[in-house]
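Structures follow.
Across the two complexes that follow, chain A remains constant while its partner is chain B and subsequently chain C.
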Partner chain A sequence: MINLQPYGNPMYFVYLLVGLLPLMIGLYFGKRFVVYQTIISAIFLLLIFGGSKWQQGLALIGYIVYQFIVVGGYAVYKRRANQTWVFVCTVILSIIPLVIVKITPAIQVGRQSLIGFLGISYLTFKSVQMVMEMRDGTIKKFDPIMFARFLLFFPTISSGPIDRYRRFQHDYIQIPDRKHYLQMLDKAVHYIFLGFLYKFILSYLFGTMMLPKIAHIAIMHREAFFHTGISLALVGYMYTYSMYLFFDFAGYSLFAVAASYLMGIETPMNFNQPFKAHNIKDFWNRWHMTLSFWFRDFIFMRLTFFIMKHRLIKNRKRIPQVAYLANFLIMGFWHGVTWYYIVYGLFHAGAIIINDYWLGFKKKHRQLPHNRLTEGIAIFITFNVVCFSFLIFSGFLNTLWFSAR
Partner chain B sequence: MKTKGKLWLIFGPVIIAAGLLILLLSLPIGFGHFNSQTEKKAAVSLSPKVFRGRKIKQQALENGYVPFFGSSELSRLDEFHPSVLAAKYHRSYRPFLLGNAGSQSLTHYFTMQNLGTQLKGKKVIFIISPQWFTKEGQRPDAFGFYYSPLQTIDWIINAKNDTADRYAAKRLLEMPSGRSSEIGEAALENVEHGKPVSEFQKMFLKFKETILLNEDSLFSRFQLNNNLAKVQKGEKSLPAHYSISKLNHLAVKVGRRETTNNKLGIKNTFYKTRLSGNRIKDLKDSQTKLDYRRSPEYSDFELVLNQFAKWHVNVQFIIPPINARWADYTGLSIPMIRQTDQKIEYQLRQQGFNNVLDLSDYGNEKYFMEDTIHLGWRGWLKVDQTVNPFLTNKQPQPNYIIQNRFFSKNWQNTVKNE
Partner chain C sequence: MGTKQTVVDILKDLTGSDVSGNLDENLFDSGMIDSMATVELLLELQERFGIDVPVSEFDRSEWDTPNKIIAKVESMK
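What follows is the complex of A and B.
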């Protein structure tokens, strides 16, 4: 049995286009072939999670059944009552599989959990979001079939972008008119080719051609600068890795968005020229946007309200700082239970708190100059802070300091 | 009508681009000729891209290049390396280096698959290292690194139902690379079980071959590294006229100059980057358990011999020594090495491969080895004294008698006693 990794090679795009063509013709004429879309989605899921990855496929099925019980159960309960503790328990239950998958490799070194599969985090984000919005009352009716379509939407199943249920539902039901659909097709073709440039050329150049060589040189210099390993090669690694990370992930995201567009679903964009950010806050509005907005809406905002409502912290300035810290710490743990992901989270929390102080200072001192030069300096500083955080994120320091010795 | 025009604006360029790409890759075009500079670069590049390809190799071998099969020692491009000596002293041949770290018999067997026309009745050099003959034999990851779908297809299309080809198919299927394409895998299974490759499989593989060939001739000239600069630098430090005593003198001088930071006779740069600090301590007595006498590699090697015999290739084999001080330090058993060399030599001579230069007694010679197991300075000069006359002078036609017993498990596990 064949196994296909999403967007892994040019052939995948040929299969994708052939598979989606009937659907596209339907949408062009204002119809969504629901049965066809269900069948073709099942085939693609089978190709992604079948063959040598069949264990992941089983894990996915188990996971879906589990989330249906949790989310569906909460929907049934919510019609009758609205206790906070039930809500909290439901969220915890919804997260538990992901927690197990993330903690397993940290406890049993190198072991992967049996219940894990490609994309489990992204499905968890979608499920938790459902529970929270049902609590808020913004999602009133639990439609199991639409929920399944939302969770298992194959273009974004492996690594996002993370869509929102109500938006997805709207697009699924409301077929775009021909003019709008043509615009979407136009964008989709553009995104796919931009994605080719990002993922198959630039990411290959930085990640496959350059990175191993620079890593090798940096490891050769691991005794440099008083045994810290700080060398020019390490700086080179930092920038090369940052470029690789961006082009790889942004390329992938472009493919996922483009495939969604072909299917008449306007999955939100994930990146918006992040290296042009003027400060860290701006950066998180441009980098992995669907993730950072998810964290903003479902962790940061909720925590801030919670603290204010219960008056847990008196000093108003401290509230966002605590919320940032919690927000980024959770994001760090989500990436994986290793010291470098957690430090990465703390680093960004620190950076964004310092940034808040600076913005406050700027507000008080209106006479500070603001021109193209200062903007350039701001972009330069932000870029370097971000690249440094990616060096932490890469785990290369772990190799350099601990495992290569 | 208006929206149809728009559709064409969106998808027209994609359709045209895809059509052009398919035409470019699927038509048997061939795409011209490589210039001699590209040949020169490719011959010393030691790049897996060159090993995997076909066109550069074919063209170079038609223009006086001679294949030097080997492994990591080929990358020791000091001033006495065969490629440097051949260029400096305007020999009638130029080495085309085929092999690098991790390339062993199975890789070489497939590398030569599409060189039949160029190799028939010709001479080649084959450096065979005892280190290949580990208990596990060819490492699948290293094989994958040099694996060429093109050569595999060329091999499958010409495969016959005989012991050698069935054995090769079996070995290939033991590697993940051999199972990387569905139809190729099915065809290999047919060969393994003595069944013919189906017409559909052949048609598909031939179509894929055309695409791979076009890719090869379009792209293999790019990104050749600059090993050639090392060769040219080496040429400059050699005496203008060939003199064995002068060269030997120089080799001693260079060797002495470059082995000053350790007592094992290992080149400074190698020692510093690979062995210094605690690493050298950890390696003390680390090789006491190594045994090269029993290995699947012996049968893989037989595949190579079988191919040479089929094409009547005249081969000069070279068995390099191991740095004796290194062997002593790491506890590598010298009797075991001796028995390994004898087993290899037995396999060669039994089948009529009589050009064997066994250097295993030279492990103690100063400046013979560049580091642990790789020939260097004086070692290369010694090799040259056999290789140069072998390639320059006319040689009698060899008479090979291939024996299938060397493909057996029994032979893989036989230890030859003195």
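What follows is the complex of A and C.
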């Protein structure tokens, strides 16, 4: 059987368009063909997880059954009681599969866990979100079929963007009126072509053509600058990798959003011109937004809420600092259990804490100049701090410093 | 004290500026409120009005101006 990775090549878009066309005609006439959508979704999922990837397919099925028991079980429990320890245990149970998948390669070098599959972290974000919102009472009813549709929504299953259940459910039930749907189609076409430019041209240029060459030169200079390997080529690697990372992921995200739009679901955007950010805080409002907002809403805000409510930390300034540290450390571990992902998380926590001090200082000294030049400087500094963090993230320093010579 | 005055007072404590002159200003876009200040706002509302606003209830677009906050509080009291 064939295997087809999402948005991997231009042909995929032909299949996508053909497959979705009946659904699109239905939406144009104000109807969602639920049965057809279910069948076509199953086919596209089979293309991702079938063929040579059948083991992942089995892992996915096992995972879905597991989350149904955990999340559904919590929904049943929540009707009768609302104890904190049950909530905490449910969240832990919901995260366990992902934790196992993330830790396995760190313990047994290079080995992938059998229960892993493409997109497990994104499904975990969705499941944990359900548990937390049920705890808060914002999701009152557990609708197993809608939950399955939400988890298995194929345009975003492999790498997001991470949608929210209530938003998704609303879009699924409430079909956009014709004018609005046509606007969505218009945007979808635009996003697909922008995605082509990002993913198949720019990401290819930076990632496939330039990056290996620059990496090679940088490795040849690994003894430079007192054996640190700091060379012009390394600086070049940093910028090239940053461009590659952005265009690759932003391109993919545009495809995923476009495919969702075709299906009448307004999956949120993932990027908003991140390199124009004025500071690190601003950057996280523009970069991988659905992830950073998920972390903001389900980790940062909850943690600060908990700390303040129980007065665990007296000093008001310390609270967000502790929360940032926890937030970004968890994000680092989520990327993978390696020193460079964790350092990447710590680096961003440090950057955003320093940024907060600066914003506080600016608030106190309102006479500080603010003009286009200072804005330009702010963007320049932010861009370079971010690119440096991506150099850490890339793992190239690990290759440069520690891999066998 | 009315809801409006209380909300204005809370926001003054949080942001250090008086918002009563511009009740439709977007508090997030202008950078007056961040996630941390949001949590403080929710806790203050809980304390002063006795309304329970869980974090997941907090959709930024529904709370982004003083007027919207006042309306939300009125609807939840």
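To be clear about the criterion, the second predicted complex is superposed on the first by the 404 of 405 C-alpha atoms of A that agree within 3 Å, B and C clash if a C-alpha of one lies under 4 Å from a C-alpha of the other, contacts with A are read in each partner's own complex, and residues count from 1 in each chain.
As a convention for this text, contacts are C-beta pairs under 8 Å (C-beta built on N, C-alpha and C of every residue); 3 or more make two chains touch, one makes a residue touch a chain.
Source: prediction; values computed, not measured.
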Does chain B (first) or chain C (second) touch A:297, or do both, or does neither? second
Have a look and say if chain B or chain C is in touch with more residues of chain A. C
With both complexes overlaid on chain A, does A:361 touch chain B (first), chain C (second), both or neither? neither
So, A:308: does it touch chain B (first), chain C (second), both, or neither? second
Is A:29 touching the first partner chain B, the second partner chain C, both, or neither of them? neither
Considering only the touch criterion stated at the top, classify A:185 as touching first (chain B), second (chain C), both, or neither. first
A:220 contacts which: chain B (first), chain C (second), both, neither? first
Looking at A:401, would you say it contacts chain B, chain C, both, or neither? Reply first, second, both or neither. neither
State whether A:319 touches chain B only (first), chain C only (second), both chains, or neither. second
Touch test for A:136: chain B only (first), chain C only (second), both, or neither? second
What part of chain A is shared between its chain B contacts and its chain C contacts? none
For a test of understanding, state which residues of chain C touch chain A in their complex under the given definition. 16, 31, 34-36, 38-40, 42-43, 54-58
Write out the stretch or stretches of chain A touching chain B in their complex. 2, 178-179, 182, 185-186, 189, 220
Okay, in this complex, where on chain A does chain C touch? 132-133, 136-138, 281, 296-297, 300-302, 304-305, 308-309, 319-320, 323, 359, 363
Contact footprint of chain A on chain B as seen in their complex: 3, 6-7, 9-11, 14, 182, 273
